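Chain IDs A, B, C, D and E follow the sequence of writing; residue 1 opens each chain.
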Amino acid sequence: MVSPISSIAVLLGSAFLVGLFKKTSYSFAQMLSLLAIAFPLFVSAQWLIHFIGTSDGAVMLYTAGAKPPFSVSLQIGMAEAFLTLAVNLLGLLSIIYLMKPFKELGVKALALLLILVMGLNVIILSRDIFNIFVFLEIASIALVGLILLGKRKHTYSAGFKYLIAVAIISSFLLVGIAFVYYFGSTLNIDDFVAQNLIVTKGLSTALFLLFIAVLLELKPFPANGWALDLYEAAHPGVGALISGGTATASLYVLYKILPMGADYWSDVLIWVGLISFLGSNILGISQKNANRLLGYSSIGQIGLLVAVIGFSDQLGSHFEAIFFSLFISHFLAKVGLFWLSGWVGKTELTAWSILRTKPWLLLVFGIFLFTLIGFPPFPSFFGKWQLIVDLASEHGFNWIVIILAGSLFEGIYLFRWLGYAIKGEKSTENKPLLDWQTALPIGLFALLIIGAGYVSNQWMPNGQSINLIPVFFILALFVLDFLPAWIKNTISIAGLVVYGYLLYPELSDDTLRLVFAVIFLGGGILTLIAGYSVKGKRAGFFPFALMMFAGLIGLVEADNLLQFFFAWELMTLGSYVLIIRGKRSMLHAYNYMLFSLGGAYLIFMGMAMATAGQSGISLEILRTTAFPGWTYALMAIGFLTKTAALGFHIWLPGAHAEAESDVSPMVSGILLKGGVFGLIVLFLAMGGEQAQANPLVYVLGWLGAITALIGNLIAVFQEDAKKLLAYSSIGNLGYVLFALAFMSNIGWMTAITYSLNHFLFKTLLFLAIGGVVLRVKTHNMHEMGGLIKQMPLSFIAVLIGIITLAGIPPLSGYAGKWLFYNAVIAQGWYFQGAIVFFAGTIAFLYCFKLIYAVFLGQPKDKFRQVKEAPVWYIIPQIILIIGIMVFSARPDLILKPVGELLSGSAYFPTDPLNWESVTASTNLGYWSGYKIMLVIGVMFMVLLGWLLLMSRKAQKIKQFDIVYAGETPFTPGTTHFSHNMFAPLYRAIGFLTLPMITQSWNRVNSTVHDFADSARKIYSGNGQSYLVQILAYVVIVYLILF
Amino acid sequence: MINFNSLNIETVSMGIGVILFVLGVWGIVSQKNIIKIIISFTIVDTSIHLILVSIGYIRGKSAPIIDAAINKENAANEVVDPLPQALVLTAIVIGLGITALMLSYALRMYKENKSLDINKFKALKW
Amino acid sequence: MDIVKKIGFVLLGLFIVLNWGLLMAGIMRKIIARVSMRRGIKIFQPYINLIKNYSIRSQLTHGIMFYLGPVFRLSGGVGIFLFMPMIYGSDIWNNFSFTGDLILIAYFMFFGMLGMALGAGEGGHPYSAIGISRGLAQFTAIELPLTLAILSIAIQYQSLSITEIVAAQQGSILNWTLFTNPLATGAAMISFLGAMGHSPFNVVMAPQENPVGPPTEYHGTFLGVLQTNRAILHVVEAVLYMNLFFGGANNWIELIVKTFFIYFWSVFVGMVFPRFRVDQSIPWLLKLPVLIGVAAIIVFIV
Amino acid sequence: MIYLILLLVFGLIMIIMAFTAIHHKNLQVAVIASGIISLLASVVYVFLAAPDVAITEASIGSALTVVIFFYVLNKIRRSNDQE
Amino acid sequence: MIRNSFLILLLAGLGWILFQEFDSFKGSDQLNPVAEYYATQGPQEVGAANLVTSVVVTYRGLDTLGEVTILFLTAAIVGLLFKRESNSETEDIYGTSEILLTAGKILVPMLILVGVYIFINGHLTPGGGFQGGAVLASAFVLAALTFSGTTVKHRVLEIVESFSGISFVLLGILGVVLAGGFLDNKIFSLGTFGHLFSAGAIPIIYSLVGLKVGSELSNIVLVMKSSEKGGDHD
C-alpha cells in the first residue's frame, strides 16, 4: 500500500513544480495538478478499502526515523482515510470546477490549491499539535490566496478580515501549544493523553487556549463575522473549499485533541456547537445573499458536527455512523450548493429560478437542500435520527430541543430558497451555459449523496429494518424520467398494484391497517389514473407522487419508530414537491413544508422521549414510555399539523387549492389520512386505558369539534371551488379527530368510517372539480354556472359526493353521523357533539354552493362550448362512486372486521357495535345501511316513475324563460346569483372566520424575521469588531468555565 | 504579588511576553489604521516568541549546541530545551509570511478605497 | 308480515297523512285569515289546488335537475314518513321504521331540501338561489337547538329509537317529555317554528323567493308534487315532535289532535310575531334557544 | 543578576516601544518602534540561550519585516501623491 | 467611550487568562524527557552539533517543510495580488547615491557569502536555512535598491525556489526509501560529528531551505517593491 506521506510529497512537489510553468504551458500544468491530486485520492481510497475490508487498527507513520513523541508522526485509520478521501476528492473536483478562474489567475493559483489540499491532508493525519498548527496556517494562507479566484467585489477586504482573524486565532493557538508543551512536556497527542496528567490551573488554561483556538477555526457563532464575509466575497468554488475542506480538517483536529482535555470539554463542545447551530440558523432566516446564506448554513451545520463530537462519549459505538452521516451530508450538500451557486452566478436568492432552465440541476438542488435538512433517504436523516435517539437515552432532551429548533430554522430559509428556485419569477436574462466542468462535480456529488444515504442506512442500528424497495423504485423512476408521461404513469400504477398485491397477505389480518392501505394504495391508483390526461413528459411528477405514496404505505407497514418516521418524512418530501408544482403554490408549499417540518420534529421529539430508558425502538415502546405526558402530547401535536387541526391549518387551503388538478385529490383525499393514521398508531400504542385516562384526548376532542366548526364555516364563504373543498377538508378532519378522541370502540368506528368516507368523497369531489377547473380554467365558482349540460357526469359525481359529505341518507356519510350520535351520547361529550353537528349543518351550505354555483344556475356564454372533463378524470370518479355505493349498502363489509379487531384487541373491548347480518346496533339504537338504501332506492324509483308518468310531455324551455319581476334578464353573468352567497350568515356569525390564527402566525413569522434581521447586525462588516467578538468569545467562555 | 526574589530570567521574559501580548492585542482592537493593526500583530508575534523561548529555558544552562564547551555525552545536563527554539524558528517565519500577506492586502485595499481606516471596509456585512 | 300487506298499510297511512295534511293546511289558512279579519280561502282549497295542478297539461322544464328536484323533495317527505313510527304500539302503522331511528329522520330531512334546492337552482332564477341561500343559512341556526334537544332527550331516555322514546312517555301525561324535560321541549319547539316556515322565520318564503314552498318556477305536475309533499311533510314533522315530546299517539285520532296543536303552535306564533331578517334570525336562534338547549343538557349532566 | 536587570530594562523599553508603536501618529515611527521591540527581543533570546532564535529574529523580525513595512508605506504615500 | 471601556474590560479578561499561565509558570530546572532525548540521542541519531538544527530539520522536518511552504504560498499570493503590474518598471524614489552604490558593490557579495555560510553551517553553529535565507534576501534587496536597473529576474528566483522546494521533498522521500522515514536525514552517512560534511542530509536540506527561503523572501520584497500604478482598474 502506498503511504499517505507520499501523497503529501507528491502534492507538495507538484505544487513547487507547477509554480514554474509559464502561461503558455498552462494546460500542461493543469494536467499535472489533476494527476497530482488524483494520486492522493487514489491513496486514500486504497487505504479506505483496506480498512473496510479488514478490521485492522490505525497505522502509525513515523517521520525522521524516530518515534513519537520525539518526531512528528502521522496516523492513518479508517477515519483519516475517509476524511482525506473526501478532501482530496473535493480538491480534484475543485480544479475541474474552477478550471476557468484558475486559468485566469495562472499557475500559481493551481499551486495554492495543491498546497491547500496537502495541508488539509496533513492536518487530518498528523498527531502532533504544533504540526497541526503549522498546517492549519498553511491551509488558511492558501485560502487567502485562493479567494482571488474569479475576483469579485470586496475580495480584498474580506481576505484581510479573514487574515487578521486567523492571525489572532493562531496566536491563541500558539500560546496554548507553548504552555501545553510546558506542562505536558510533549507535543504529541497520544503521548499527552497517555501521561494522564493531573490538570492544574496552568495546564487547564493552556488546554483552554488550544481548544478555543481550534473551535474558533470552526467559526462558532457569534464570533464568525469574518468567515461570513469571506463566504460572501469568495468565488463559490472557494466557498466550497472552506466549507467542505478546511472545516472538515478542523473538525477532525477537534476530535483528535478532545481526549487531551478534561471531561468538561465535551460539554463545552456541545454548548458551543449547538449555540452555533441554533444561532447561525436563526440569523440565516433574513439573509438574501445566496453565498452568505450558505455561509450561515455551513456554520450551523459545522456547529452541529462539533456538538456531535462533544457527544461522542454518550453516543458510544454509534458515534462513527452518526458523525459519518451528518458529516457527509454537510460535506456533499454544502459543497454542491456552493458549486451550484457558482453556476447561477447571481447572489440573490430569487435569481435561482434560473435553475429551471436545467431541470436536472433543480433536482440536484432539491437533493442538496433535503439532505441538509435531513429528509430521507438522504444520509443526514439517519444521522439525526440516531443522534437524537441516543441523546434521548441519556435524557439529553434539552439538546434535542435545540437541535430540532435549529433544524427548523434552517428549514425556514432553505425551503424559501427552494421555493424561489422552483416557482420564483423567471429571470429574463439569458441562461448561463452549463459546461462539463460545472456539471460533472455537481452531478457526481448528488450521486454520492444517494450512495452515502445507502451507506448510512445500512450502517445505522435498525437502519436495515427499512424497506428500501420503494426507494429504489422511485430512483428508477427518476432515471426513466425522459419517457412520456403515460408510460411512467403506467409504471407507477403497476408499481402500486404490485406492491399492494405483495402487501396484502401481510395485512389481511389487520383490518385497521388494511383500510388505510386501501385508502393509500387504492387512492394512489385512482388519482394516478387521472394523470393519463396529461400530455407530454410531466417531468419530475411521478417519482415524487410515488414517494408520497411510498411514505404513506410505509406508515402502514411500520413496525418500529424509525420505519415510521422514515415513511413520514418520505411522505412529506414527496407531497411537498407535488404541491409546489401548482401554478401559484410557492408560498403555500412553503407553509406546508414549515408546518410539516415543525410537526415532524415534534413527532420526532416525542418518539425520542419514548425511547429514553427503553431498549429497542419498536412501536410497542410508546406504551411503556417513561414520559407519557410529553411523548403523547408532542406526537399528537405533530400529527395534528398534518391533519390541519385548527391552529395548524393555515397551510392547507392554499396548498390543496393551488395544486394541480389531479394532485389536489391526492393531497386532500389521501395524504391527510397519513396524519389520521399517525394518531391511530399513537393511540393504539398508548393502549386503551391509558389513552382514556389521558387528559390529552379531552383537549383533542374539543380541538376537533372547533376545527370542524371553523373549517366548515370558512368553507361556506369561499368563492374558489378548490379552496372551498380544502377548508371542507379541515372541517372533516376535525370530525375525525373528534371521533378518535373518544377513545372508545364506537368512536373509533366513527373515525374510520369518516376517514374512509372522506377519502371517497373528497377524492371524488376534487377529481370532479379538478376536471371542471381543467376545462373552464378558473377556480372561481361565480364565473362558472350551468355546467350541468356540458358536464353531466361531473355533476353526478359532485352530487353523489356532496350527499355523502353532508351525511344524508342513504349514502355512507350518514353512517358516520349515526355512529357519531351514538358515540357522543355514550361518551357524554354533548357540547362538543353539538358543535360538531352544527358544523355538519353548515357543511350543507357549502355543499349546496358548490354544486349550485358550478353546475346550476345560469350558464355563461363563454363556457357554452366547454366539454365534459377528460375521460381519465371520469373513470376514477366512476370507480369512487361505485365504492361509495358499495360502502353505503354494505358498511358491514369493512366496519364489522374493524370492529372485531378493535373489540378483540386489548384496546377497546367494551361497548362494541353489534352486528346482525347487515344491521348494526348499540344500546341506543340500530342502523342498517342496506335496508335504508333499499327503502329509499325503491321509493325514489317509484316516485320518479310516477312523475315521469304524469309529466312525460315536459317541454324544455330556454334559459331566460323565467319570471323575473317584470324584466327580462339578458346576461347570464348578472343573473347567476352565486357570489357572496351566504352574506346574511356572514353578517351573523362571520366573525368566527376572521383570520385570527393566520394573523398570529404572521406575527410570529415577522417577529422571528425581525429578530433575525436585527440580531445579524452584529456582523457589522468591520474587521476589528470581528476581532473584538473573537476576543470576547474567548474571554467569556473562559470566565464561564473557570 | 510577585516576589522580587523569585524573579529569574525566564519569568521576567515571560512576563514581558505576556504584557506585550496584551498590549499588542490592545493595539489590534483599538487602532483604526490598518497599518497600525498590522504593526500590533507583529508585536503579538514577538511576544509569543518570547513566551516560547522562555518556556524552553532551563535555569543556568547554555545554548543547545554541542561544541567544545559541551560534552556530547553529558549534553542532557548542559543545554536548554531545543524544541521550543525550533518551534520559534518556525513561528517567526510564519509570522513574517502572514505579516507580508496582511500588508499586501492592506495595500490592495488602500488602492481600492483610498483609505486605511478599517471602518471604511464594511461593504460586506450582516 | 307479508311484504305486500305491509306496503298496502304504508300506502294507506300515506293517504291518511296526505289528506290530513291538506285539510290541516286549509284549516290553518282559514284561521289565519279570520284572525287578520279576512274571509279566507275555503277549507278544501288545498285539494282544489292539488287537483288543478295535476291536471294542467303544459309542463315546462329547465333541465334534468329541475325535473328531478320535485322527485327528491317528495322522496324526502315520503321517506321521513316511511321511517317514522306513526302510532305507538302498532306494528301496522310503524311503516319501515323498524324501531324508528331519530338520527335517520333528522338527516333524511336534508334529502328533500337538497333536491328542492338543486331543482330550483337549475331553474336559473336568481331569486331562487337567494331564497335557498337564506333558507339554508337560517336552517343551520334552526338545527342547532333541535340538535341540543335531541341530545338532551337521548340522554334522558338513553335511546335514539323513537319507538322507545314514545314508550318511555306512556302511562301518564306527566311522563311526556314536555313535563319531564321542558327545556328540551322548549328548544325544540322554537326550532319547530323555523322548520314550519312561519313568521318570524319565514323571510325565505317571501313571495318571490319561495324554493321551500311551492315555488313560482314550478307549475303543473311539478307544483302538484311539491304540494303533495308539503302536506305530507308538515304532518310527519308534527308527528316527529309529537313522538318526541308529547307522548306519541296510540291511535289516529290522538295523532290528528296532537299534530293539529303542534302545527297550530307555529301558526300561532307566526300570527303574533313579525318577521325576522335572516341576519337577525340567525343570531337570535343562536342565543336564546341554544341557551335553553344547553340548559336542557346541563340538567342531565349535573 | 546583571542579566536580570538588563532584562528588566529591556522589558521596560520594549513596553514603551510597544506603546509608541501603537499610539504614535507617524506610521514610520511606529514601524521602527516595532522593529526595536524585535531587536530587543533578539537580545533577550541570547540571554535565554537561544542564539538560533536570536539570529532569526534579528534578521527576519527586525530587518526584513521593517523593510517590507517601509515598502508598503512608501507605496501608500506615492499613490497618495499621484492623486 | 463605551466601546473603549468594553475593550479594556476584554483586555483585562485576556490579561487574566494569560496571568493564569504566567502565575503557574515556574521555569524549569531540567530537561523534560523529550528534550532530554534530543540532547542525548540527537547527536548520535542525527549527527548535528546544533541540536536546534537537528530538531528543526529532522525530528520536526515536517514542520519545516510546512514553513517553507508558507513562504512559498506568501510569495505566490503576493505575486498574484500584484500580478497585473509586475511588468511595469520602477522608478527608484531613493535614487541611487554614489555611497549606496559603492556600499552595495561591496556589501551584496559579502552578504551573499555570509548567508551561504550560515545555512551551510546550520548543523554546527547557530543559524541555518532561515537565517541564511534571510541574509540572502537582504542581499538581494540591497542589490535591488542599489542597482535599480539590474534587478534580479523573478524568473530566476522562481526557478531557484521551485527547484529547492522539489529537492527538499525528494530528499524527504529518499528518507522513506533509504532510511527510517520521511525526512530522515540518515540517507547519507552521518559522517564525523562536528564536521561540515556530517549529519547526513542536514547540510543539503538546510542549504535548500536557505535557497528557498532566500528566493522566496526576495521575491516577496521585490514584488512589493516593483508593484506600481495604484489601483486595480477592472
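Quick note on the criterion: a contact is a pair of C-beta atoms (placed from the backbone, for glycine too) under 8 Å apart; a residue touches a chain by one contact, two chains touch by 3 or more.
All values derive from a computational prediction rather than experimental measurement.
Undergrad: Which is the least count of steps on a path of touching chains running from subunit D to subunit E?
TA: Minimum step count, subunit D to subunit E: 1.
Undergrad: Give the chains in contact with both subunit C and subunit D, ordered by label.
TA: none
Undergrad: Based on C-beta pairs in contact, work out which chain pair has the most and send it over.
TA: A-C
Undergrad: Between subunit C and subunit E, what is the separation of their C-alpha centroids in Å?
TA: 106
Undergrad: When the centre of a chain is set as the mean of its C-alpha atoms, what distance in Å lies between subunit B and subunit D?
TA: 11
Undergrad: Report, in whole Å, the distance between the mean C-alpha point of subunit B and the mean C-alpha point of subunit C.
TA: So the centre of subunit B lies 100 Å away from the centre of subunit C.
Undergrad: What whole-Å value do you get for the distance between subunit A and subunit C if each is reduced to the mean of its CA atoms?
TA: 53
Undergrad: Using the touch definition from the top, which residues of subunit E touch two or more other chains?
TA: 7, 10, 14, 18, 21, 25, 28, 32, 34-35, 38, 50, 52, 59-60, 63, 66-67, 70, 73-74, 77, 81, 126, 128, 130, 217, 220, 224, 227, 230-231
Undergrad: Could you list which residues of subunit D touch at least two other chains?
TA: 50-52, 56, 60, 64, 68, 72, 75, 79, in rising order.
Undergrad: At least two other chains touched by the same residue of subunit A: list those residues.
TA: Residue numbers touching two or more other chains: 130, 134, 137, 141, 144, 175, 179, 182, 187, 1028, 1031.
Undergrad: Chain pairs that touch, all of them, please.
TA: Per the contact definition above, the touching pairs are A-B, A-C, A-E, B-D, B-E, D-E.
Undergrad: Where on subunit A does subunit C make contact in their complex?
TA: My answer: residues 786, 788-789, 792, 795, 799, 802-803, 806-809, 814, 817-818, 821-822, 824-825, 828, 830-831, 833-834, 837-838, 841-842, 844-845, 847-849, 851-852, 855-858, 923-928, 931-932, 935-936, 939-940, 943-944, 947, 950-951, 953-957, 959-965, 969, 975-978, 981-985, 987-989.
Undergrad: So in the complex, which bits of subunit C are touching subunit A?
TA: 54, 57-65, 67-68, 70-72, 74-75, 78-79, 82-83, 96, 98-99, 101-104, 107-108, 110-111, 113-114, 117-118, 121-127, 129-130, 132-134, 136-141, 143-144, 147-148, 151-152, 154-155, 158-161, 208, 216-217, 220-222, 224-225, 277-279, 282-283, 286, 293-294, 297, 301
Undergrad: Across the complex, what residues on subunit E touch subunit D?
TA: Listed in rising order, the residues are 50, 52-53, 93, 118, 126-128, 130-131, 134-135, 137-138, 141, 217, 220-221, 224-225, 227, 230-231.
Undergrad: Help me check something: in the complex, which residues belonging to subunit A touch subunit E?
TA: 3, 5-6, 8-9, 12-13, 15-17, 19-20, 61-66, 69-72, 105-106, 108-109, 111-112, 115, 118-119, 122, 126, 130-131, 134-135, 137-138, 141-142, 144-145, 148, 151, 175, 179, 182-183, 185-187, 200-203, 205-206, 208-209, 1028, 1031-1032, 1034-1036, 1038-1039, 1042
Undergrad: Note which residues of subunit B are touching subunit E in the complex, please.
TA: Residue positions touching the partner: 8, 10-11, 14-15, 18, 21-22, 25-26, 29-30, 54-59, 63-67, 72-73, 75-79, 81-83, 85-87, 89-90, 92-94, 96-98, 100-101, 103-105, 107-108, 111-112.
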